[in-house]
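Consider the two complexes below, in which chain A is the common component and chain B and chain C are the respective partners.
So, the complex of A and B:
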């Protein structure tokens, strides 16, 4: 009885907190939207001193950074999961897991400092850039940071596959790569998909490491696929400007609106990430 | 039982009662920070009971934090903007503590490549994006890495006012936005083709001050001599902002800041004490 009450209380508290946060963000960004409308979301210029609050450069920057991260981290994480679960003997698995957990445990500011000390000079020297501060640098850092999430959840996906499938595939005479492509990957796919979506949410919200390497300049890459130019992400903008905006000002409200847009994006991703699980369970 | 509940409740109370009164908090301009930090050390050695925390964030943060009551003392290296001034007017006081110059700072290699001085117009053209290569101002054939600062930073206001004509002017030629003096200096010294703005106390071998050619033909550098005689144009007061209504502890610290006891902290960090500036100017 006590236990049930306690659990109910925790659940209600969590729900209340979510409602409180989203409610606060909405409340705080309302003055901005009522004054400027929703058109700033596709505006291209962000100059608080001139009352210009265009979200687009930061939105594009965030999208590019996370896209680069996923392109790199998804194949790597998936491969690591396949190797550790399907190929390595059980006793080596814990070693792999230890490595991944250490990767996950490194604070993001440390990634940022490593980015400044190693990644930026490397990019400058090898790609002959004016500056290493770029979307590519942000994407590369993010890829390492979301790798553990993708690997760990993909490992679970493969572990959850019933051994009967493997035996049946063996009995059919499928070789290993056929087994992987025809049996294991399709079975694990729903979980891998939600792993990627969760990792996307985490990557979108990452602030300090991105802020240190992205260049923080509010410009859409020109041409649009030029990933070697400095740019801005939503989080890096909030991180840079939150301290200087006085509470209640337009700028403050605009930053809250940025936060709200980001939160909504991540919330949508999380909801999408949940759905395939249910469908798979019904099949 | 009752005691335990009281203890539990007390954990959740904000501890602003007795603790906070003996702790003075200071935040803001990263240019003023080293002075205040050293001044706090000296003050602590005189009053062992004093407890002072000093943190950065930039002038905008300093002004806002003291306005919002987050800290006792805000540090700023620029004049408050009109809207900030309106909020500060009645209840707060601005106290100048030292003078400083903002140096046009370039990577060491730029000076070695033959750029011996820049005029204000040339610097303005670089920041407006009209001059993009060091060759155009007598240096090597390398693109210019133009570093701008977060818009609320004191160094940025003073620089933009003199160079671009308006403290809030845009700098479309900028490639990267940086924050603190430290961050800016690290970008400049890592590059071999960068230009930026630094408080002159932050110059070092790899991030060097660029002599400025004035309209009258004189060439001046950001150093004490030219700051004191007023010929170096990009100079400013370093100040602190504090409420007019103060506790005894705060008042005693402010009194110390205004005394000669703080001079070593100012000189150690390469700035000019007001007493020196005053006596020199009255000569």
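So, the complex of A and C:
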């Protein structure tokens, strides 16, 4: 009897939490959208004191940061997964996994500290910048932070491949690189795809480390590929301004709206990652 | 030849993934260890007049450590029973469709950034319920963050138990409670503990969600009640990192970071070895 009660209680609590979460998000950001419409999402100016709430600088900033992170982390993580599963002898794999587990556990605030103390001065000295605070710094830091996610999930992808495939490829006389390109990578691809989507979501939502190095200035990079100037991401904006916005003000609900936009982006990524990859017909 | 070349290229590409973390940890040790002296732990200033300009008061770093541990312990003790209940529901009562719906919903909620949960806590607990910046608000927010991960982990742990075992237990006439205690518990406890330890490590390392909901920079040694604010290691490091121009403050931040990483790594290493044993047993 108590068992049923407990189970019912936890199911109801969880449903209540979900309702609470969705309700809060829409309720808190509704005043903003009803007052300003949805046009601020592509607005270029964000000056809370003049009631200008354009999301675009932060959206562009987030997109750049995650793009840099993926460009670096995806090849590295994938290579690390292939090396640790396909090349390293079995007995070392556990050690490598331990290392990755530890890495994945390092708190983001510690990465932020590393970024401030190591990365920013390094960028300043080597690229001759006034300040190292930049999208490049945020992207580099993010790439280290999403690396364990990508490596771990891609490792699982390669481990899950049936050994029959490897044996069949061997019997066909394919050499190691041919096996990798023609057999293993296509087999692992669906999982790698969802791994990178999940990593993208994590990177987009990363707050503290990005906030410490991105510079938090609401400007779209000018020209668009100039990654060496201070910028803003959605998360860093929320993190910076939430403390100062007064409850119920326009700025407050604008920040909540940023949260809603962020949540929607990440949820869509996650849902795409969960829907099974449709194989081409000839497979 | 081409094999060796491509293997070599792959290893070269993979190198950053394996070396960068080691360098990060080594740097952390190098910067953090020298600062771990008696004043950092507040031992040397004991009994002396309190120096308000100094970062280290008579309690040193202990209030922050206690705050982090308290938040983490509370969050996990809220989330763990809920996760167990949810996964038992999933295993005992839910149909196929609602099982897969539940997994999808949980996976989606798992991907939602912790920051947004922090906003939720700020609106609902801090302002709507008038709890203020408090231990309770932070703990519930952290519990919401780890609940999906913890539940998914528990569901997987229960699913790995062979159905033959459950079926034969049923055919012996065992009740649901007896099956859970005598059949599932011995099989699954390692994986459950792994999940719990990972959740503890996670709650210890989340910073953004508790920044507005639970913590203040200083002035708290031990929270009087569930509704009073705490200090925590994570947010302490964050505040210090913002003042990164001052070398002394930075040194303090590195030492705090070293303590935090030690705590987190301890839990994830325990989880790693528990998990390895549980997969060895299968």
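Following the convention adopted for this analysis, the second predicted complex is superposed on the first by the 258 of 283 C-alpha atoms of A that agree within 3 Å, B and C clash if a C-alpha of one lies under 4 Å from a C-alpha of the other, contacts with A are read in each partner's own complex, and residues count from 1 in each chain.
Everything that follows uses one rule, which is that a contact is a pair of C-beta atoms (placed from the backbone, for glycine too) under 8 Å apart; a residue touches a chain by one contact, two chains touch by 3 or more.
Note that this is a predicted model, so its numbers are computed, not measured.
Participant: Have a look at where A:256 lands relative to chain B and chain C in the superposition and call it first, second, both or neither.
Facilitator: second
Participant: Determine, under the contact definition given at the top, whether A:215 touches first (chain B), second (chain C), both, or neither.
Facilitator: A:215 contacts chain B only, not chain C.
Participant: Touching A:116, do we find chain B (first), chain C (second), both, or neither?
Facilitator: both
Participant: Report for A:240: first if it touches chain B alone, second if chain C alone, otherwise both or neither.
Facilitator: Only chain B; A:240 stays clear of chain C.
Participant: Residues of chain A touched: more by chain B or chain C?
Facilitator: Here the partner covering more residues of chain A is C.
Participant: Would you check which partner chain A:41 touches, where first means chain B only, second means chain C only, and both and neither mean what they say?
Facilitator: Touch status of A:41: no partner.
Participant: Once the shared chain is lined up, is A:202 touching chain B (first), chain C (second), both, or neither of them?
Facilitator: A:202 sits against chain C, while chain B stays out of touch.
Participant: Once the shared chain is lined up, is A:147 touching chain B (first), chain C (second), both, or neither of them?
Facilitator: In the superposed model, A:147 contacts chain C only, not chain B.
Participant: Could you give the residue numbers on chain A that contact chain B in one complex and chain C in the other?
Facilitator: After superposing on chain A, chain A residues 116, 243, 247 contact both chain B and chain C.
Participant: Touching chain A in the complex: which residues of chain B?
Facilitator: So the residues of chain B touching chain A come out as 57-58, 60-61, 64-65, 67-68, 84, 87, 143, 145, 148, 150-152, 168, 170, 174-179, 186-187, 190-191, 193.
Participant: Would you pull the chain A residues touching chain B in the complex into a rising list?
Facilitator: By the definition above, chain A touches chain B via 47-50, 116, 120-121, 124, 130-131, 133, 215-217, 230, 240-241, 243-247.
Participant: Which of the residues in chain C come into contact with chain A in the complex?
Facilitator: Listed in rising order, the residues of chain C that touch chain A are 2-3, 6-7, 10-11, 13-14, 16-18, 20-22, 24-25, 27-28, 31, 81-86, 88-89, 92-93, 104-105, 107-117, 119-120, 122-124, 127, 144, 147, 176-177, 180, 201, 204-208, 211-212, 234-235, 237-238, 241-242, 244, 250, 253-254, 257, 260-261, 264-265, 267-269, 271-272, 276.
Participant: Taking the touch rule as given, give the residues of chain A at its contact with chain C in the complex, in rising order.
Facilitator: Those residues of chain A that touch chain C are 3, 6-7, 9-11, 13-14, 17-18, 20-21, 24-25, 28, 75-77, 79-80, 82-84, 87, 94, 96-99, 101-114, 116-118, 144, 147-148, 151, 175-177, 180, 198, 201-202, 204-208, 212, 235, 238-239, 242-243, 247, 255-256, 259, 262-263, 266-267, 269-271, 273-274.
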